[in-house]
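Once you scroll down, you'll see the structures, which are given as structure tokens.
Look for chain A in each of the two complexes below; its partner is chain B in the first and chain C in the second.
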Partner chain A sequence: MRMKQVYIAGLGVLAASAIAVYAAPSGGTISGKVTYQGTPAKAKPIDMSKEPSCAKQHATPVTTETVVTGPNNSLENVVVYVSAGAPDESAPSEAVKFDQKGCQYIPHVLAFQVNQTLEIANDDQTSHNIHPLPRINREWNKSQPPGTPPMTDKYDKPEFIPVKCNIHPWMHGNFAVMKNSHYAVTQGEGSFTLPNLPPGKYTITAWHESYGDQTQEVTISGSETKSVNFVFKAKPY
Partner chain B sequence: MGKLFAVVLTIIALVSAYPIVVHKYVQPVDISTHGHAIDEQLSDTMAEAGFAFLGAQLLLAFFVWKFSNRKDGSKVTHLPGGAKLMVATAFILVGTEVLALGVLGQKAWADVYFTAPKPDAMQVQVQAGQFAFYFRYPGADGKFAPLHPDKIDEGNGNYFGLDPANDVEARDDIVTAELAIPINREIHLLMHAKDVGHSFYVRELRIQQDFVPGLDLSLHFTATKTGKYEIVCTQLCGLGHYNMKAYLNVLAQEDFDKWLKEKASEQ
Partner chain C sequence: MRATKTVKWMFIATAALLALASLASAQESEAHLGKLTGHASAGKQLYYRFCWGCHGFRGDGNGENAPYLNPTPRNFVQATFKCRSTVTGTLPTDEDLYNSIGRGFNTTNMPSWISLSNQQRVDLVAFIKTLSPRWKNDKPGVPITVRPEPKLTVESIKHGQELFQKLECWKCHGQEGYGDGPSAATLTDSNDQPIRPYNFSVGSRFKCGATNQDLYTIFITGLDGTPMPSFADVVKPEDAWDLVHFLRTLQVTHKSPELTLWESTKEGAQEVASKKIYGTPTGSGIKQ
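And then the complex of A and B:
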């Protein structure tokens, strides 16, 4: 009887600590929208006629992606991240995937952590040449013929890295190498959410490949949700 | 054995000449105003070189046949005049042949490469870069805006390095990945190399010209048949050379006008 009570009490302590551990990351949240003001450059159709196997994958020509806008002046492909205030984190074990399909990079902006495995696949019938152009990380330039297995790599310093294909000049993408797990890339509505932020003072940066970056200071106390919005100035050229 | 060798030589010479004589390998269709002169020159060269080849091989076979199986102890005899006369004769024969081809061929070549285009020729700029061709039409103002290599932004479709924010002339320039031209109109192609040496080759136009970085080279031609033809780079330019191509699209004038208007709206 006594054994059983101890056993139950032990289970209770275990359960309580499990709940405590599970609940710990749920701190505050920063969320908001990224929009633009002004007239952004027109997205131009891309002529892929030199690569018929890619051209035929697109019923209507795809357009340039350096500035992608959504409804209500929202801006896509903006990386919003905690640039100061959060400790550096080690990389998660799962790999991030960067695909080459229809002579386009999918996604156009790929954010991942320092030393996280990056997996690059070629889903096309043609050879691609992946050429990321870092300034502080190590530069490389590799060919990937059709049918070859995905290649993997890692970056050991945080950096925004433009990526190009030497064979198809229109192909252009970006790697955003982050030093912690608090980041988001805006999609169709231009919105983002940075959850699980412990109380503290943070610098939030929004980065766009054509419009540069902006920062805002945010203080989180408890498990509140704070709203932060960024507005970029768009230029027609 | 010697006679067998003579027979084999004769057979090889005749079999080699056969496909040329019966025109087994036909030229691709010619769509240019000057192409016939190039084709005639090529066939003249082939005929002249063919006669020389056949003559030399058959003469060799004849001598092998005639002087094989000589009896032991017989002396070798020479043509009168000795080696000097032979060398002089060969020199004169080959020299005349080369000179004749050069003099005749010079006209076919010079008509394409050494004459100026007509003043009303339509100007199109072609840029060769690793590993694609891009074309630029001057737009409504008829002027090509200056190029700024630091402004090149291929992900944004700015392949030439135009600066529309500061150059008003750049705002109407039309950049395309296809060379569309109107039929029966002289085209003056302004050639620009973005990085290394490339070459512009359209076999149906009978035109091939290198791009040289830093040199303003140009070409002019008139296309006489509508259709789509391949433009390829024929100067090994790097890793993606095999993939460096574009299309020449020869259109009727009204189709061309429509095409250009559509492309202008996409800029």
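And then the complex of A and C:
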């Protein structure tokens, strides 16, 4: 009798987990907006006169991208991701592209997954050296003269990695190496969406290169959409 | 009766000790170089006698003397090494580390440790490898193959000069190799410490050795942790050798076969004569 009860209970658990797995693709969604409070540092114009081939690509001088703001105090280039609660995932097969154009990194913040192929291209008429500065992953530094084919690389540990070009000291970028596919980088409106989250308790982290990171706990049940907003305190320097 | 019991206990204790010792040695880091095998336990003694004053108790480069040194002592916990025969982003081989200890680093405070025996230097390599977890997780990279050096010709030097322009070496090292290029003042190493590009005019010894082969290896593998990138994927071996020949003509204060050949041409003689010479010239060919 006792055995039978255990058996039935076990079956129930199995069935429940099977349903949970099945329901995964159409799970809940977390969306929201990232904004700032206070006065952020003003973006400074970059002097590219030492690199004429880049300077002439920009009609007006480009500005620094350490803090990029949008309308209504929205904050761009913030990586919002599930830092805990979701299982690690294997990398998708498609490559992410990181471009060097007009002596700038496009995009400024590039998020991709662990072991995902990263393709770095040089569209400029000048040599660049790509020098990511990781602390956990291995550090390398490669030269890429104009006209050379894109180089590929992978990172095997999650980390936020600053990237720079030593030849052009104004060039700064960031790699965000993620352990799962639940991440987003905020654009002009500062909004983000993390879809397809199975029910569960998640820790959502928002990371900004100048203002650090913030976390919030969110519980998703069913296929609901939960709103999560992040507010960073802007520093005027 | 009592005596036999004591002997028995002693036997058991010795056996246990031996077992422990073999267990420890099985886990101990080792370094190999030819017939020599380095042991971390021996290297540890040497490290805490000769090295930790600069490189620090934990090997993190924060020794007592570190604040007074520039460039800062190597951080063995980070395990990023300049002088490697392996591709950029990989760990150096035991031989690379062994050579670095014996050679010392020109233009830095790291002396040449030829006063230590070969065995002692290999022991030190074995101990240095215990200071970072990277040595447990990663394997050293595959050494690059250095093609034999082609014959030195004027064409080779001229082609090297073109490459110096094309690859934009001058952006940091300067048009005449004085280390005064337009980006030179902004350079920092991976720890945000200011760092100078090499001044080719002052001498013949580079950070990672003095031979043409060493120069070739520096150029191809890059110096990890510094702004000097690797050119392995973008330059053909014969082009790299041409560049090496040209770089040797920049060392106007230290006579090299390349410089002698370059000065024997009209164009080269003019160029060398127009250069400012800083410091005391060395070598046989220059009148003082």
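Here is the rule we use: the second predicted complex is superposed on the first by the 213 of 237 C-alpha atoms of A that agree within 3 Å, B and C clash if a C-alpha of one lies under 4 Å from a C-alpha of the other, contacts with A are read in each partner's own complex, and residues count from 1 in each chain.
Operating definition for what follows: a contact is a pair of C-beta atoms (placed from the backbone, for glycine too) under 8 Å apart; a residue touches a chain by one contact, two chains touch by 3 or more.
What you see is a predicted model, and the numbers here were worked out from it, not measured in a lab.
Enquirer: Put the two structures on top of each other at chain A: do chain B and chain C fit, or clash?
Expert: In the superposition, chain B runs into chain C.
Enquirer: Looking at chain A, does chain C or chain B touch more of its residues?
Expert: It is B that touches the greater number of chain A residues.
Enquirer: A:73 contacts which: chain B (first), chain C (second), both, neither?
Expert: Neither partner.
Enquirer: In the superposed arrangement, does A:31 touch chain B (first), chain C (second), both or neither?
Expert: neither
Enquirer: I'd like to know which partner A:131 touches here: chain B for first, chain C for second, both or neither.
Expert: A:131 sits against chain C, while chain B stays out of touch.
Enquirer: Is A:216 touching the first partner chain B, the second partner chain C, both, or neither of them?
Expert: neither
Enquirer: What is the contact status of A:235 with respect to chain B (first) and chain C (second): first, second, both, or neither?
Expert: Touch partner of A:235: chain B, not chain C.
Enquirer: Is A:139 in contact with chain B, with chain C, with both, or with neither (first, second, both, neither)?
Expert: second
Enquirer: Applying the document's definition of touch, where does A:148 land relative to chain B and chain C: first, second, both, or neither?
Expert: So A:148 only meets chain C here.
Enquirer: Just to be sure I read the superposition right, which of the two partners does A:115 touch: chain B = first, chain C = second, or both, or neither?
Expert: neither
Enquirer: Where does A:180 make contact in the superposed view: on chain B (first), on chain C (second), on both, or on neither?
Expert: Neither: A:180 stays clear of chain B and chain C.
Enquirer: Out of 93-101, 237-245 or 255-263, where does chain B run into chain C after the fit?
Expert: That would be 237-245, the one stretch with clashes.
Enquirer: Overlap the chain B and chain C contact sets on chain A and report the shared residues.
Expert: Residues 50, 126-127, 129, 143, 166-169, which sit in both footprints.
Enquirer: Hey, which residues of chain B end up touching chain A in the complex?
Expert: 129-133, 153-157, 159, 163-165, 176-178, 238-240, 243-247, 266-267
Enquirer: Using the touch definition from the top, list the residues of chain A that touch chain B in their complex.
Expert: Against chain B, the touching part of chain A is residues 41-42, 44-51, 64-66, 126-127, 129, 143, 162, 164, 166-173, 210, 235, 237.
Enquirer: Which bits of chain A are touching chain C when the two form their complex?
Expert: Spelled out, the residues of chain A in touch with chain C are 50, 126-127, 129-131, 133, 135, 138-145, 148, 151, 166-169.
Enquirer: Would you pull the chain C residues touching chain A in the complex into a rising list?
Expert: 78, 80, 88-90, 134, 138, 166-168, 171-172, 182-183, 186-187, 190, 222-234
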